[in-house]
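Report on one structure; see the data block that follows.
Here the chain labels run A, B, C, D, E and F in written order, and each chain numbers its own residues starting at 1.
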Amino acid sequence: MTAQRTAIYPGTFDPVTNGHIDLMQRAVQLFDRLVVAVALNPKKSPLFPQEQRVQFIVDATEGLANIEVVPFNCLLTEFAQSKNAKAIIKGLRAVSDFEFELQMGLMNRNLDEKMETLFMIPSQEYSFLSSNLVKEIAGLGGNIANLVPPGVNQRFKEIKS
Amino acid sequence: MTAQRTAIYPGTFDPVTNGHIDLMQRAVQLFDRLVVAVALNPKKSPLFPQEQRVQFIVDATEGLANIEVVPFNCLLTEFAQSKNAKAIIKGLRAVSDFEFELQMGLMNRNLDEKMETLFMIPSQEYSFLSSNLVKEIAGLGGNIANLVPPGVNQRFKEIKS
Amino acid sequence: MTAQRTAIYPGTFDPVTNGHIDLMQRAVQLFDRLVVAVALNPKKSPLFPQEQRVQFIVDATEGLANIEVVPFNCLLTEFAQSKNAKAIIKGLRAVSDFEFELQMGLMNRNLDEKMETLFMIPSQEYSFLSSNLVKEIAGLGGNIANLVPPGVNQRFKEIKS
Amino acid sequence: MTAQRTAIYPGTFDPVTNGHIDLMQRAVQLFDRLVVAVALNPKKSPLFPQEQRVQFIVDATEGLANIEVVPFNCLLTEFAQSKNAKAIIKGLRAVSDFEFELQMGLMNRNLDEKMETLFMIPSQEYSFLSSNLVKEIAGLGGNIANLVPPGVNQRFKEIKS
Amino acid sequence: MTAQRTAIYPGTFDPVTNGHIDLMQRAVQLFDRLVVAVALNPKKSPLFPQEQRVQFIVDATEGLANIEVVPFNCLLTEFAQSKNAKAIIKGLRAVSDFEFELQMGLMNRNLDEKMETLFMIPSQEYSFLSSNLVKEIAGLGGNIANLVPPGVNQRFKEIKS
Amino acid sequence: MTAQRTAIYPGTFDPVTNGHIDLMQRAVQLFDRLVVAVALNPKKSPLFPQEQRVQFIVDATEGLANIEVVPFNCLLTEFAQSKNAKAIIKGLRAVSDFEFELQMGLMNRNLDEKMETLFMIPSQEYSFLSSNLVKEIAGLGGNIANLVPPGVNQRFKEIKS
């Protein structure tokens, strides 16, 4: 018998993109349970309220087993401990991602020496994608249908009209 | 019941350093079995024969459960499949590591679309350490006792005398 | 007979620097027409109004043939299409520029698969220069006369007094 | 009337990959003539002779108009001048590419102040691809059919058997 | 007889961390006098007033000889000249630090061609540490006792209660 | 009274370039004595013998006071100790330099915890310059007169004829 393996995938997800969803689909293959943790993150002044950001992900991952989407507003390491997770998952698109995430990973290890950060490679097809870029393009009237889940695209259309 | 999770940690390990051992200790906590795969890698003209490189790791990981150290000389993705592994583990020390490993990870995904690469953060205390640097310092008579397992240090002393 | 080749050089230009002007001088040699496109960019809270930013460039490029300076406030790819341009020009000073511009270039290709981004190397003598740094130094009373066109320098002097 | 615009795309191309071909297809859209310049480059000990490397590209670009494939073995800036080219084209996949190519671009500008280097973004689908990686994978028996033109793939098969 | 060597170590220090203190301890070994220059920096909206930021450093460096902690609010090169310093000291943790600091160093050389910037390596144990991260963790109730001097830790506790 | 401050500037210098000379001129302003340490470095298969590489630098720095040029072939930290130096000087041109030099600096601190590495910024005008590039261009018949000291340029001319 083997222990249940839980991993945490944290982020602001404002809003979730197809790149995030791709990573979730990859990560659930490697662990027994994946907890997607949606940060409140008031300092970033998110466009969508936390509740809405959670719901976007719940809708977009409907068919995926072993996934749990939850809001949080505390230290990530404490939240991970409360979920009995031993690993934090992060996607790495670029060098600038890497340096920031390395810093965060070392800080999280400083706060909890047993907490490992695992970096995964998103699909190449989404390597240029970020939530900020999606918002910028949508704000200028560009088409984001192939960049975000249908529910997110729909919401942007409602905002505009 | 959950499936057994196997990960592969590949490298030339010429020779294994304390940084590699640290990563192995972290990785065995996250998976049910860790296969350390020692590449033949004739193009790099290794200082130590493959067999010796395997033995160094076997000796240095004696106390670790769920670890298997094996030589290989084929495509990494094929080797990983033969071990029923779904994930390749790599340590990331620096940006230059990251770019090379990202390239390899994408190529491995091209060869086997189900094979994920997971990057882990080595202990900060070994972030400057590499097999090449160890060989260079030992070659100039420097002390490497705190950089490699005892068996490797001993072997360098025998070479010199 | 060959077709007319138009390239777009977009930016906020708040304000234009000698580094930007150097790049314009290089780019007009390579294309039949260069359209300098000055973005409204309200999110960056520019110091100078868009109209003023356009005028600074018009004044500084007076002697250059085949150059057109225009304001815009829409998706860059749509603007480029309206100008019949097939290439977007960007200057690359540093790795951080590169990663951001690579992301933008891939996004623009996603929005218009025929739109190429061409990165050019600014003169070494201006490799440290940015609009933000110019504003910071001028704000602290530093001399920017060798960093910006005369009209921009003059305007900063008027602001101060 | 406008002048004819010629650009040079230099490299060792040992062998040409689908990533190189993709870049050629993009570059011929932007210039009136593209000269693919295949360097002798004895220091890199190429696997294929220069003549063969030229032929691979000639075969793979058969349908492309306005392209010329030629060997060279001199200073790139002198070769470009002899072809009346004002621009050197290079593909940028990663930060490490960028730094090396920036250095080369500045050196080439030092040797000929009118010679501009233009960096282009290869297709994302080939961002992990390099001639060295192709040779390594083919050497280990991996499938490279989707990474190189048919002629190159065929030649690797002949070598192996 | 040799001249007195003065170096400047500038920053916002909002607040000073153990990483900054480690760098000060290293720098005072190399120069006859080290001037720690605390910038007003209103654009960054510091959490602590300039006076308080100076005091934190004064308290934390009590045992160090040849160190002077002073506020400043002008061009760094002018401030350095007023202190008769020929070198600016900066710590480099990561590539992103490096690019920004390289830009600043070149700009400062542009403003004063005799002013050299010297980059030093902070202790590995603090390579992930930044003032912003400290504020973020303290804001979420995390323990920062091993990341900042005692006086800073005490002040954060007072803020919270 | 203040102590004499000695710094070491190590390298292979195969051959010395104007970029190296520029850095020496800057470094001697900051320390009482600068020891230029020319490594034997057989692994790099230098083009010029160590003795010749030393002589090139001696000739090019004739007018500079407080500089000493010496060959060495041992651990750098041991050599620095023998010269009573507390600091190693390195030039940083690019991110790739930075990562390699950071690794070396941390390793040297591991071998001697009192040994600091100081990174300096070379003149922008030489930021693209390296000994390898000089050899490559000279080998292809290019003009290197503005890249190296006169003695080095002369020697390349003799080799060619």
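FYI, a contact is a pair of C-beta atoms (placed from the backbone, for glycine too) under 8 Å apart; a residue touches a chain by one contact, two chains touch by 3 or more.
The structure displayed is predicted, hence computed values, not measured ones.
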| item | value |
| --- | --- |
| Interchain contact steps from subunit D to subunit E (minimum; 1 if touching) | 2 |
| Those chains which touch subunit E and also touch subunit A | B, C |
| Fitting subunit A to subunit C on CA atoms, where both chains share a sequence, rotation angle to nearest 5 degrees | 120 |
| Relative to subunit B, chain with the most remote C-alpha centre | C |
| Chain whose mean Cα position lies farthest from subunit A | F |
| Proportion of interface numbers common to subunit E and subunit F (over half same, under half different) | same |
| Pair sharing more residue contacts (C-beta pairs) when A-D is set against B-D | B-D |
| Contact-pair overlap exceeding half with A-B, pair selected from A-E, E-F or A-C | E-F |
| CA centroid of subunit A to CA centroid of subunit F, Å | 47 |
| Distance between chain centroids, defined by C-alpha means - subunit C, subunit D (Å) | 29 |
| Computed distance of Cα centres, subunit F from subunit D, in Å | 34 |
| Residues of subunit B whose C-beta touches two or more other chains | 95-96, 99, 102, 105-106, 124, 127-128 |
| All touching chain pairs, where touch follows the definition stated at the start | A-B, A-C, A-D, A-E, B-D, B-E, B-F, C-D, C-E, C-F, D-F, E-F |
| Subunit B to subunit E touching residues, read off their complex | 95, 124-125, 127-128 |
| Residue ranges of subunit F touching subunit D (in the complex, touch as defined) | 93-96, 127-130, 133, 136-137, 140-143, 146-147 |
| List of subunit D residues in touch with subunit F within their complex | 43, 74-75, 77-78, 95-96, 99-100, 102-107, 110-111 |
| Subunit D - residues contacting subunit C, complex | 1-5, 26, 29-32, 86-87, 92, 95, 98-99, 102, 105-106, 109, 114, 116-121, 124 |
